[in-house]
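Residue numbering begins at 1 within each chain, and the chains themselves are lettered A, B, C, D, E and F in the order written.
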Amino acid sequence: MVDVSHKTETVRVAIAKSSIIVNEEIHAQIAEGTNKKGDVFAVAQIAAVMAAKNTANIIPMCHPLPLTGIDVQFDWAIDHENNHFEILIHAEVKTKGLTGVEMEALTAATSAALTIYDMCKAVGKDMVIGPTMLMKKTGGKNGDFERQL
Amino acid sequence: MVDVSHKTETVRVAIAKSSIIVNEEIHAQIAEGTNKKGDVFAVAQIAAVMAAKNTANIIPMCHPLPLTGIDVQFDWAIDHENNHFEILIHAEVKTKGLTGVEMEALTAATSAALTIYDMCKAVGKDMVIGPTMLMKKTGGKNGDFERQL
Amino acid sequence: MVDVSHKTETVRVAIAKSSIIVNEEIHAQIAEGTNKKGDVFAVAQIAAVMAAKNTANIIPMCHPLPLTGIDVQFDWAIDHENNHFEILIHAEVKTKGLTGVEMEALTAATSAALTIYDMCKAVGKDMVIGPTMLMKKTGGKNGDFERQL
Amino acid sequence: MVDVSHKTETVRVAIAKSSIIVNEEIHAQIAEGTNKKGDVFAVAQIAAVMAAKNTANIIPMCHPLPLTGIDVQFDWAIDHENNHFEILIHAEVKTKGLTGVEMEALTAATSAALTIYDMCKAVGKDMVIGPTMLMKKTGGKNGDFERQL
Amino acid sequence: MVDVSHKTETVRVAIAKSSIIVNEEIHAQIAEGTNKKGDVFAVAQIAAVMAAKNTANIIPMCHPLPLTGIDVQFDWAIDHENNHFEILIHAEVKTKGLTGVEMEALTAATSAALTIYDMCKAVGKDMVIGPTMLMKKTGGKNGDFERQL
Amino acid sequence: MVDVSHKTETVRVAIAKSSIIVNEEIHAQIAEGTNKKGDVFAVAQIAAVMAAKNTANIIPMCHPLPLTGIDVQFDWAIDHENNHFEILIHAEVKTKGLTGVEMEALTAATSAALTIYDMCKAVGKDMVIGPTMLMKKTGGKNGDFERQL
């Protein structure tokens, strides 16, 4: 694990996004709150928060960081004509630490997607997760990052 | 967490795939073994194995299962003309248990992708992970699954 | 950790209860879903499920068991005249294993209560958790248990 | 998880208490050190320390904090006439961090109680844990807290 | 992680030993129970039990196993003439599972030694841990093992 | 866990060493990269890094610290005449924190040794781990340590 002892403690923010394509029945279950396992977005949000806090245990060479804020949002991208039901996942992570939180944001977004898959897989296993990517990163000496669309 | 006490213990297998698109320099570093953080595929494989074993801690409503086998493979899909360098991740998980291991296979594949991102992000943060999906599932009473391509 | 190798694998169930007394404002926030941290009961339920799965890491001499089912319920016991607002927590845990799941049920109920405290403590820190106790236990050779009221 | 990046790092202390009512035989076993699983208070104290350090993994929306001190004490409250044997648990947690450690103190006290239950449940399962509550909290901008008795 | 799905579930036992050489003052503190951090052997024993249960998270390619019994013992090997104070650590682990528990026994013995080091390092940092080794292993098709002395 | 709130945050470094004696066939497998479970040193290095980050969960009274750097190296000490094949393990850990990282360095070195044992035990179970010891420690008010050889 590379040495970051010399880095400066600053506020650092990273934003990642992921997504999951579901079928019409899964969309209906989530929208109507009839999934038997519970509130899908509530469970996915908590999974994202807990996974973000555990990133250094999931990603071997990742530095442990005391996260100061995690925010996860879900939005629907629906195209009824093409029978397309997609959940957009947006994860923002903050720390006041020595290294960036890109991995924490990506891990949060991914865990949310995996949890949605788990909550809904009894209805259909052909959901597709992602693409998953870093959208933005600020703080730290190495320069900010913002994805070009 | 739904009750599975009545289910039968059988051998269950699940296969998931993910992928990550990297840039040319990252490809060269991995191919030549010059990444400063270590052997990228070796670290990613171990991350996948350890995350698979921890799936029930990452996915809230997932049943804990004593996994009996985990296999992770990496392949390059390269198109030099279009400057496309993509790592294909294939994860296969086995158990002898009461429920399937779809989530374990998906978690393994995803963790491998996230770890590759972490190992290579100093060279470029615009890598794209996935799509990630279940490819196949056998064992258990609910019927097998094989993704239609 | 005492040796249970000789015990028989059977379905075992344990039910525990806990509770938390909150103030009127906290009751209103939960009832109206206006707590800023999220859906209090949804988060508490997930905390209970995840803690139950982690019991052997929280209680040193507790045997690890592959839980097969966890169910957590919340009910209000309200006495407006005496300004008494209490959440009753009911946790039921199942396994198909060599030892009982009393500790898992107690840990689930307790973690739910602690999580409610955490979600609501910005409004008032004088909440009181418990008493917490085992209500019922079935399965295994040592005899069933049912609390006398 | 709410954003605390703007908060100030100060020394913060929280004190929680819990308790567990046991039967006469359990009291004798602990007092005489004859419990077959080991030294009950020693195991309970370690469980409390380890759980306090793991609070952010047990309580979903809890911020991870590098704890700087944890102290757990046990006292007996005995009333022979009424056959009442109760263990009082006192947990004090310190950090030098951005948020308070109320949850860590409550988690420590609770884990100690659960561990005592586990160590002694072979002798009697009708032990009663708690009430559990925060007694005192100092440090941070939001004001101190001290429970009114 | 190699596939063990085809293996047979049997009772498996493994015994490992480790040791730690301490100085005279540390010996006195442990013998007299005056270590400020607590009862050294009690804490070391619990550390061993908890680490054994966590072996599959510490050793990457190790299969998760539901351990059924863990026993840890400490003995003094003292030679006053040569000012030699050594703690012998003996760890025995049992499971009813598909693979052996050699790693669990070795991890238990090692964690006990590390914990003794931690509890006593304020008095002297030149303690020496080990050698650590497997002493015996029974159960499973691959044949038993017993160390030749 | 002793109170360290009053200590000063400084860069702290600790270096530990361990070792493992293997047989000739294991040496050949590692040297030629033919171990069926994977690249032995790569897996051992990652195990060491992850265990170092988890030290406060493995050693009960150890303070949690946000590690800033971990470096693990392997060297062979071979004496063909005496059929002696030994792997020397060197672990260096850094933090910018309130207490030292001796336990983290010792835990890293030990976990690397245990992982090598696990990767190679199919070829021979009589490997011997250690002695394991702290070599050097700098930073903090209590004075530096350097082992006298």
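A few notes on this one:
By our rule, a residue touches a chain if its C-beta (ideal position, glycine included) is under 8 Å from a C-beta of that chain, and two chains touch if they have at least 3 such contacts.
Keep in mind that this is a model prediction, so the values were computed, not measured.
Touching subunit A and subunit F together: B, D.
Common neighbours of subunit D and subunit E under the contact rule above are C, F.
A comparison of the C-E and A-C interfaces places the larger number of contacting C-beta pairs at C-E. Interface of subunit A with subunit D: the two copies contact each other largely through different residue positions, with under half of all numbers used appearing on both sides. Mean C-alpha positions place subunit D and subunit F at a centre distance of 33 Å. Look at where the CA atoms of subunit B average out and do the same for subunit F: the two points lie 28 Å apart. Chain centres here are Cα averages; for subunit A and subunit E they lie 39 Å apart.
For subunit D, residues that reach two or more other chains under the stated contact definition are 2, 38, 43, 46-47, 50, 54, 57, 60-61, 66. Screening every pair of chains for touch gives A-B, A-C, A-D, A-F, B-C, B-E, B-F, C-D, C-E, D-E, D-F, E-F.
Residue ranges on subunit A touching subunit C, taken from their complex, read 38-39, 42-43, 45-47, 50.
Those residues of subunit C that touch subunit B in the complex are listed here as 11, 46, 49-50, 53-54, 66-71, 94-96. Interface residues of subunit D facing subunit C in the complex, by the touch rule stated above, are 2, 18, 36-38, 43, 46-47, 50-51, 54, 57-62, 102-103, 106-107, 110-111, 113-115, 117-119, 121, 125-134, 137, 145, 147-148. The residues of subunit D lying in touch with subunit A in their complex are 1-5, 7, 56-57, 60-61, 63-66, 97-98.
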